[in-house]
Amino acid sequence: MSELFWPGEARAGALFDDDALLAAMTRVETAWLRVLHDAGVARDADPDVLAALPVQTPDDVEAGGNPVIGFVAGLRNRLPDPTARWLHKGLTSQDVLDTALMLCARDAADQILRDARRQVLAARDLAVAHRGSVQAGRTLTQHAVPTTFGLTAANWLTGILDAVEDLVRVPLPMQLGGAAGTLAGVAAVVGDGGAALELADALAAEVGLAESVPWHTSRRPVTRVGDALVACVDACGRIANDVLVRSRPEIGELAEPTPGGSSTMPHKHNPVLSVLIRRAAISAPFPAAALHAAAAAAVDERPDGAWHAEWDPLRTLARHTVVAMSQTADLLEGLVVDVDRMLATASAARADLLAEQHALANEGRDLAGYLGATDLLIAAAVQRADRFVKGDA
Amino acid sequence: MSELFWPGEARAGALFDDDALLAAMTRVETAWLRVLHDAGVARDADPDVLAALPVQTPDDVEAGGNPVIGFVAGLRNRLPDPTARWLHKGLTSQDVLDTALMLCARDAADQILRDARRQVLAARDLAVAHRGSVQAGRTLTQHAVPTTFGLTAANWLTGILDAVEDLVRVPLPMQLGGAAGTLAGVAAVVGDGGAALELADALAAEVGLAESVPWHTSRRPVTRVGDALVACVDACGRIANDVLVRSRPEIGELAEPTPGGSSTMPHKHNPVLSVLIRRAAISAPFPAAALHAAAAAAVDERPDGAWHAEWDPLRTLARHTVVAMSQTADLLEGLVVDVDRMLATASAARADLLAEQHALANEGRDLAGYLGATDLLIAAAVQRADRFVKGDA
Amino acid sequence: MSELFWPGEARAGALFDDDALLAAMTRVETAWLRVLHDAGVARDADPDVLAALPVQTPDDVEAGGNPVIGFVAGLRNRLPDPTARWLHKGLTSQDVLDTALMLCARDAADQILRDARRQVLAARDLAVAHRGSVQAGRTLTQHAVPTTFGLTAANWLTGILDAVEDLVRVPLPMQLGGAAGTLAGVAAVVGDGGAALELADALAAEVGLAESVPWHTSRRPVTRVGDALVACVDACGRIANDVLVRSRPEIGELAEPTPGGSSTMPHKHNPVLSVLIRRAAISAPFPAAALHAAAAAAVDERPDGAWHAEWDPLRTLARHTVVAMSQTADLLEGLVVDVDRMLATASAARADLLAEQHALANEGRDLAGYLGATDLLIAAAVQRADRFVKGDA
Amino acid sequence: MSELFWPGEARAGALFDDDALLAAMTRVETAWLRVLHDAGVARDADPDVLAALPVQTPDDVEAGGNPVIGFVAGLRNRLPDPTARWLHKGLTSQDVLDTALMLCARDAADQILRDARRQVLAARDLAVAHRGSVQAGRTLTQHAVPTTFGLTAANWLTGILDAVEDLVRVPLPMQLGGAAGTLAGVAAVVGDGGAALELADALAAEVGLAESVPWHTSRRPVTRVGDALVACVDACGRIANDVLVRSRPEIGELAEPTPGGSSTMPHKHNPVLSVLIRRAAISAPFPAAALHAAAAAAVDERPDGAWHAEWDPLRTLARHTVVAMSQTADLLEGLVVDVDRMLATASAARADLLAEQHALANEGRDLAGYLGATDLLIAAAVQRADRFVKGDA
């Protein structure tokens, strides 16, 4: 997490940072205390005291192998009895950390959705505004047949929506299994396994995550998040790639709203947003894949390293996705479109662009006469965008 | 594709092999001819003649950069007019290949589901049979609290179902966009863009894939398949990891049905299935990530290499997933469980396994008294398995 | 391995195919028999009989988990005693397969070096021929300062040589450790450990690989190969990326020797070689990384899946590298350079390209006056190329 | 960079952190100013003033797309003329950042070598001390033939040395190419290209990095670093995997010096160091591969995102490698070895462990009689260790 090593990282703010994680861990411990209290088990515990404790970074995280052990010890030292005694009762470190990470993931997803909405609105407007903006269609870098910039924008829309609608559907479960996924500690406290499972559901409700059986070594909940995140970055990357190509001076059809300068060349107008988005697109498949590698290495009742291997890639991927989504929203909202240049290039390449039409013995006489279903495809994308925006509102 | 380099690969049979791809391509071209014919456009074309043509490997695939160009040329040479003239009308190579690959993916998914069903039934039976088989719960390699082997099997079930239920939900779309995703060629042939889109839907129905707008550069359909496949392998890997640990002679709680031999040591009983499944689990994140890298590199109306980068990793991943799922089904169906050894180890570790219980000041007196919600968790997994099997039947 | 899924794959010929592996395995077993024979141990064995046996695909590879067990059994059945009795004496499967894979890697490296030489000669000639061909320097897609196409070619040279000179230095060791890396079986046969190690060195000499202690679970020899291979593809990719950008019709400075056609558009001149090279560049990091994942998962005296996970990615990566190197050699040898277009574009962008010069208050008046050290950098690259070609000859 | 998300990260201290990068960037700018000054070009500039400026974080890094632009602007604002005027003269952002990152990499490599030396000494001592400690050799998880724990340690040594000796050989070049790799700006300032190249060499000497032609888009220098780093982690991972297996209570041959506790189970002795090392081993292939993906996406005279994609993975990989190396040194230095347990297990498995020997009709009567070349292999590893330690001292 560094603006120097990842320019734009500041857009991700506090998401998944140390304080955010500690706050989420506090929230989980507080919620659990409340659940125990409300169930009549920990009647003498006071969750509000815990909730009000200022967040404190645990000491010697490495000694425990995870941040929860020292964190809980730190909380316990600062809590009065009997609340201190009830703290973390029946939980294992992984319960707290997995649930906290899912809370962090939800916050990241929320910001991603806000930027997705901005992207969708901007791409939708581009699609509508440019449904008549004829341009050269390019395939394998070469001129193919005519299309419109409206369809380009509609295709971007499809990419965004494919990715974001998947993300929306990803379930984010709470974790509660106790030392080895049996809930034995909880059951011991509340009387039996059935009551323990009821408390697990109550915890889910309290933190606002999905109910779940323990998933200490069934890591699809984590890989689902990762897969959905990288797909968002993929969609951003594809947009940036188009902008990078089309903002080359020899093409000049698109330009960034606020190009970047150079340390030595005063005239330079670098497409910096696109460059940074493309950077994310090149990188994101790797932390996402690391989550699968970790999932595939799970073993026993709780894994010997595979679990620990998830936290950093998940954080990196989530933050990079947030940044890329935000940058792409800015890019789309401010994109400068040179329809004259598009038309001029397409007109100059008229013979090539209409070669297929001639091969089909078709009588269309100009570029605008060989646009196929572009308008209908744009309309379909716009409709989908409108549904998304309405549903998201 | 080689039994030598990937032992067990034969389990994937002809899935995604050259003939399967060519057959799928033939099916797409035939379906499209039929759609054109049935729409009254290509009335004089005879799809049955095309369908009956023996599959022929195209010449000089490299020259075109993809297998479709030479394939279509080869078909056209062997077809009589006017059928030859209508062949591939309005399509682009990517329409045919993307749709054909989705057909291949569907075939792979079908076999995966068949093996998933076998896995689910076997794991379900293990969960039920061993709900009372007490064993040591192991976390970070060390003894934690008691659990049952039934819960281990139930957790395996959860992993399988999480992965496979995702795979079932992945939409497999047909592709139809023409040269640059505008359907201009089709529209030229059938009159207008609206009619062209209707034919696209008809093609989807004809090949049995999902309807879709063109996705030449919106590659979520491909990454969704990849993500779902690697998640299946992850789930298999986690099972194999458990078997590998627990079939170590010092633990000896599990054994493979038919262990492998050694080229030099007659006594060796190698857990070969688990070894090969684990191999797949180590490998699969990489081709899956390659699909995201390709998706993120999409550009223009059709990409300049990113599309071509998908075919081989998709095939490798699909076949490796099929093999791993089949091997895992065999592993689960034949798994040898030594409940006496489980109990002996757990009993010998009684003091450690009950340490948490004592810390909770709980009065349970033996291992079986500190099993928490294991039975209920098993029951929940079994219910889910039963729903899956019923729904899948 | 499929021309359909990886167009151009035929360029890799039989490298790392099943027959090549079996031939290499036969070579290892034969060499070992000869070593035993020449050491006076297996005096009655006849290595020539073994060498003359036609290669036979082993049955039931999966049952053993690797191809060696069935392979050795098959050989033994077809050999007369006492040769059959001496076959594979003291070896373990991994000895044979690791050594055979290194032989296959050497064959792949040889072909890579042949194509590297072609690349170097072609790029060298481009660098020399175009040392005066002024073009726009492009950074972050935008015009920066003037450069020459000669320097572009010189930079390509640097990339190729950096990669290939690394590959040349990678040691390819033979493997000989016996069942658990102790050479106990060999020592039992030849008398003691010292004699066993001498035979190991003799085996290295016999197969022409580097001497080594057993590396059953120290897998740097494999990851070194993978790292060097992917670096070759990286270098190819960078060249292809440049050709793809500069062969866009709006830029038009470069063209492929034999562009590909389209299934529908007769005018299309697709830069197919570059597309296919770029495809490899997008893909290659993944199998290379899979080798590291496997190396990192090594355990015990021989691993439980990590070893098995190497074979397929190594083969894929090696073959893809061979193909990319060959395609890149073709690309460079036939590259069409439009120096007029380069100059016209640079001249039209003169003001921008000289903006830095003006900012430096420098008095150069034209593009050719602001080329810095381009000629000297070209000369340095050419010198390095000449050394490589001489050394390699 | 977070102790919470990557327990043990504090071991990497300030390596590659923001301040370290800014200090390295300052060092590069200062060195360049000194080179210009000493060459008689910037006689009136005062490098010492620059060197004495406190490090300042640049504003608005994202606007420039990299941290150098704002950094240089910030320095210039705080420097007096004429030093301010000479600052960064002739350089481009990438010159400064690439060189600074190589300086950071060198610092990381230095710490890695210090810990490698600790590892080598510790593993060497284990190899020597336990050359007679008989244990069961394990292959594919099963008992194979006898070996000694000394040979295990010797194999660990081999793995460490293979990795670290490669790292030592990786050249770390300075970068100097100017706006588009032509050194035109430098040449304009110092008179001609030849003089410019001399200054480049002088810069290399001044910062203590290797001389090099510009490598703005030839990224092997970066991937070499990444490949060498991940290989170090691979070697650590292999050691940790062995410790994790052998510290399972059912095996109990090894134990960590200071096992970690549990948040709920007072008896737990988790092998936390090994868990955290294994975590790194699962993860490291991914950032290393991201560097290859970036290298393969290089284009033009400076890339449009691929360069930017390197910084974060390089930093992550370097820091994770430093942490893993340090943890592995601790692990080896404090490793608890239970030779009695080793012998007891091996003795109990005597029949299996000697099965190969019997198959070879060999007359060895006990485990210690079937150890092959273990002593000699240990001696060879120890000799290599001694050479390394001497050379490194």
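To keep things simple, chains are lettered A, B, C and D as they appear, and every chain counts its residues starting from 1.
The definition used in the following text is that contacts are C-beta pairs under 8 Å (C-beta built on N, C-alpha and C of every residue); 3 or more make two chains touch, one makes a residue touch a chain.
Note that the structure is a prediction, hence the values are computed from the model and not measured.
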| item | value |
| --- | --- |
| Minimal step count in the chain contact network, subunit B to subunit C | 1 |
| Of A-B and A-C, whichever chain pair has more C-beta contact pairs | A-B |
| Chain centre separation in whole Å, for subunit D relative to subunit A (CA means) | 30 |
| Distance between chain centroids, defined by C-alpha means - subunit A, subunit C (Å) | 37 |
| Inter-chain centre distance, subunit A versus subunit B - centres from mean C-alpha coordinates, in Å | 24 |
| Overlap residues in subunit A, where contacts from two or more other chains coincide | 65, 90, 92, 138-141, 144-145, 178-179, 185, 244-245, 260, 262, 264-265, 270-272, 275, 281-282, 285-286, 289-290, 293, 297, 304, 356 |
| Graph class of chain-chain contacts, one of line, ring, star, complete, other | complete |
| Footprint of subunit C on subunit B - complex, ascending | 1-8, 10, 16-18, 21-22, 57-58, 61-69, 72, 88, 90-93, 178-179, 185, 240, 244, 258, 260-265, 270-272, 274-283, 285-287, 289-290, 293-294, 297, 304-306, 308-309, 311-313, 315-316 |
| Touch list for subunit C against partner subunit A, complex | 138-145, 244-245, 247-251, 260, 262, 264-272, 275, 293, 297, 345, 349, 351-352, 355-356, 359 |
| Touching residues on subunit C, where the partner in the complex is subunit D | 65, 89-90, 92, 137-141, 144-147, 151-152, 155, 158-159, 162-163, 166, 178-189, 193-194, 196-197, 213-215, 217-221, 223-224, 227, 230-231, 233-235, 237-238, 241-242, 245, 281-282, 284-286, 288-290, 292-293, 295-304, 356-357, 360, 362, 364, 370-377, 380-381 |
